[in-house]
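Heads up, the thing below is written out as structure tokens.
Per-chain numbering from 1; labels A, B and C assigned in written order.
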Amino acid sequence: MKKTVAEIAQLLDGRVVGNGEAQIEGVAGIEDAGQGEITFLESKKLSSFLQTTAASAIIVPQGTTSEGQTLICVEQPRLAFAKVMRLFYPSVPQAPHGIHPTAAIEKEVQLGNDVSIGAHVSIGAGAVIGDRAVLFPGVVVGPDSRIGHGTVIHANVTIREGVTIGADCIIHSGTVIGSDGFGYAQDDQGHLKIPQVGTVIVEDDVEIGANVTIDRGTLGATRIGHGVKIDNLVQIAHNVVIGPNSLLISQVGISGSTELGEGVILAGQVGVVGHIKIGDRSVVGAKSGVSKSIPSENVMFGIPARPINKSKRIEACLSRLPDLFKRVKELEKDQAPPSKEGE
Amino acid sequence: MKKTVAEIAQLLDGRVVGNGEAQIEGVAGIEDAGQGEITFLESKKLSSFLQTTAASAIIVPQGTTSEGQTLICVEQPRLAFAKVMRLFYPSVPQAPHGIHPTAAIEKEVQLGNDVSIGAHVSIGAGAVIGDRAVLFPGVVVGPDSRIGHGTVIHANVTIREGVTIGADCIIHSGTVIGSDGFGYAQDDQGHLKIPQVGTVIVEDDVEIGANVTIDRGTLGATRIGHGVKIDNLVQIAHNVVIGPNSLLISQVGISGSTELGEGVILAGQVGVVGHIKIGDRSVVGAKSGVSKSIPSENVMFGIPARPINKSKRIEACLSRLPDLFKRVKELEKDQAPPSKEGE
Amino acid sequence: MKKTVAEIAQLLDGRVVGNGEAQIEGVAGIEDAGQGEITFLESKKLSSFLQTTAASAIIVPQGTTSEGQTLICVEQPRLAFAKVMRLFYPSVPQAPHGIHPTAAIEKEVQLGNDVSIGAHVSIGAGAVIGDRAVLFPGVVVGPDSRIGHGTVIHANVTIREGVTIGADCIIHSGTVIGSDGFGYAQDDQGHLKIPQVGTVIVEDDVEIGANVTIDRGTLGATRIGHGVKIDNLVQIAHNVVIGPNSLLISQVGISGSTELGEGVILAGQVGVVGHIKIGDRSVVGAKSGVSKSIPSENVMFGIPARPINKSKRIEACLSRLPDLFKRVKELEKDQAPPSKEGE
């Protein structure tokens, strides 16, 4: 594909400075980009890269200048970059063509139009695969599960029985959806397994990273709201509910029956106990441990998670804690009456 | 299946209040349950749900009352719930029938009676698969490994060569058992791999979650005791020994050669260093880091893990730490002789 | 294989004490070793095991003595142990013979000499598989990816399209290389996916544990330097660069665009934010959270990671923090003028 800078600027609702007729054929990072490529500058702080890049055009924040370069000035450079990337790289990478002869598809499966099913895929009886869905090699879809229209499931993913995946989802390799929740009752002999007979419902436009685990409900459903994005190696326990458009960064773990509101962000390696609620648009910093419910629009941090300002104050105190011990010792020395000093 | 409330009460050793002849056909959560379904109330604190549930019967703790409802009063509602779930949902969900024609089974494999082997399963030479074992699609069992009677292995699990899995185990999708331990010796060139030639022994009645990793011993065995339950995404390093009936919650990591006693509980995201021992029935709270051995029957928490009461006292102090700095400053001001104040 | 103690000592550049003609047929742990086996003692601290071992020979640190035992005294017992293990257990365990008939290999794939390709492997068009490479059952190699000479890929690994794996690498089961990075831009509707069109380059002699995830670059490459060793369940985000011979222990997570120098060690469960640098040979202790760049040859620990001596001082203070509160209260009581005491 070839586009002029002017055409791209129009798509981005941006203003061209320089040569609007320059031809663009691809996108590259600011240090790697060369002739015929467009790149982007996320913030003005990084402006030094403008001097040295060989890109034919650069998407920049409003108000950026760089003599001799062709710029597209936009309000939101990251969003503009996303749009340019989607323009030049629109499609799923090399989906399998049609249905591979080695795929094991039970007779009672309902296949949509234009599905792509790779080698060694297995689809259980009663499953429904939506139009244009793509199942890469080694994917296993259990009986009675439903995969929505246009959903892409990468290699070696396991979707257990009776699970529902919405439309236009992307599920990365090695992920397991619908495994049994971790539920036992103690009896005299040990831990008696509680059958896990619920399901998982993944709504539309959800992306789930690699080697993620999402357990089915004990009864009822574990639910992932529309537009949610989940990074690699995240654990979501039985009956958890993730509100729409929430973001879960890598290695997050959420315990059973906890509910996240809309637009919640959990940073990397956060852990959340079971049976609590995190309100809409609240944010929890990396490595925090959340042990109590959080109201909407709070920013929390720490183990246990506290309001971030409080955590930062404690944090600053910790650095000076050895010094505080000295100061207290000094005070005690000054104060002690001479006769008591021995002890 | 249909059972009367009275029949269920008998199984649970419980006392019926209300209509013992009501017919029950299934189990549901207290908010979702309707006509013909039984549900349960884990503790009296949640009694408000009793007013609104449409369930035909409710398992409740002794001493709970609710006018107009049919109750089964029991000593341990959670255990009773487990038993009712097992009554209504007794079986493995839709195991493959017989041996799928796409399974790749080496000639020297010994298959038990009534095994279920799914599509694209691979079983190496010398492996032994016990009676009634179930291998879902995509499972790989390496040469000379043994799978016990009645064990269920979900899709896309890898059991490496020479590993022993006991009877009546459940292994969830994506899990890897018998991968090489992380062992190297430094030489002039870099890290020289130490061959990992030991094995893994998983005893009977063990359940292992999804995307778990259990490394084989360098020499000798990594051992998972009978009745152990392991949640998703747990890491167990080479030569670790997990005592019977221990519980490892999601994302726990245990370093090489560490030994856990019987009935140990490690909560989510706990990390344990190598070469230590955690005594019988000790419990470690979520996100803790265990760097030293723990005697039996201790409850520990924190990074590093300390006795929980001590951790909680420190924790309470931390919240008041910024205030303590102010108080010490105040003391210093009060005490400072007027002439020294400048510094 | 049989070797005399003297022959082994020569290989290890060690000195024999005792019977150099004793025949050795295998290696075992010091508690398990018997007649015909050699074992090793990592440090003199463990010398008590020397009295009770039934091994025919023991590799020991210089200066160790044990009456009646045959010893090989060496400078570096761990390195010597590695070499003896490699002598007795030199090969990949039972690689598949040739190309299994169930493997799905696209026509345009280039296969090297003496490759081993297991059951249900899938290789996409344009891929190149090096000489003597071993692909265990269920491995998926995407289109246009390259696997180097002698590299071993264990069962159920996924290598996505366009990825490069060097020579003599080992990749353990369930691992995913080349999954999409976690990149979105916010628009009015939610999170707009930024296509992830870069790649992953794994250099030579790298070992990657089980169920690891390594995302491809957004643009450009995520790069794993030669000789790097990665433990199980590690997350490496898009555009991360890991310098040669670095060690990443289990459950580490590294965020996007961060760069590690040469010989860096991150202990278990460490988390690292994006866009920072960790200098050559720096070490970060278990469970730490790294939020800022670290210069070369620093040892860091804690959340947030601080120089380890500082972290240990703070740590020691924390244990005495409840006591400090008491001491300050005491000081306040002593100091308060009698009239003000009420408040």
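Note that contacts are C-beta pairs under 8 Å (C-beta built on N, C-alpha and C of every residue); 3 or more make two chains touch, one makes a residue touch a chain.
This one's a predicted model, so the numbers in the text were calculated from it and none came from an experiment.
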Interface residue overlap between copies subunit B and subunit C, same or different (over half shared): different
Size of the rotation, in steps of 5 degrees, that lays the CA trace of subunit A over subunit C: 120
Cα-centroid distance, subunit B relative to subunit C, in whole angstrom: 25
Per-residue multi-chain contacts in subunit B, two or more chains: 102, 120, 138, 156, 174, 211, 233, 251, 269, 303, 318, 321, 324, 328, 331, 335
Residues of subunit C defined as touching subunit A within the complex: 102, 104, 120, 122, 124-125, 138, 140, 142-143, 156, 158, 160-162, 174-176, 179-180, 182-187, 189-195, 197, 211-213, 215, 218-220, 233, 235, 237, 251, 253, 255, 269, 271, 273, 289, 291, 303-304, 306, 310, 313-314, 317-318, 320-321, 324, 327-328, 331, 334-335
In the complex, subunit C residues that touch subunit B: 27-29, 32, 76, 78-79, 81-83, 85-86, 89-90, 93-94, 100, 102, 118-120, 136-138, 154-156, 170, 172-174, 205, 207, 209-211, 227, 229, 231-233, 244-245, 247, 249-251, 268-269, 286-287, 303, 315, 318-319, 321-322, 324-325, 328, 331-332, 335
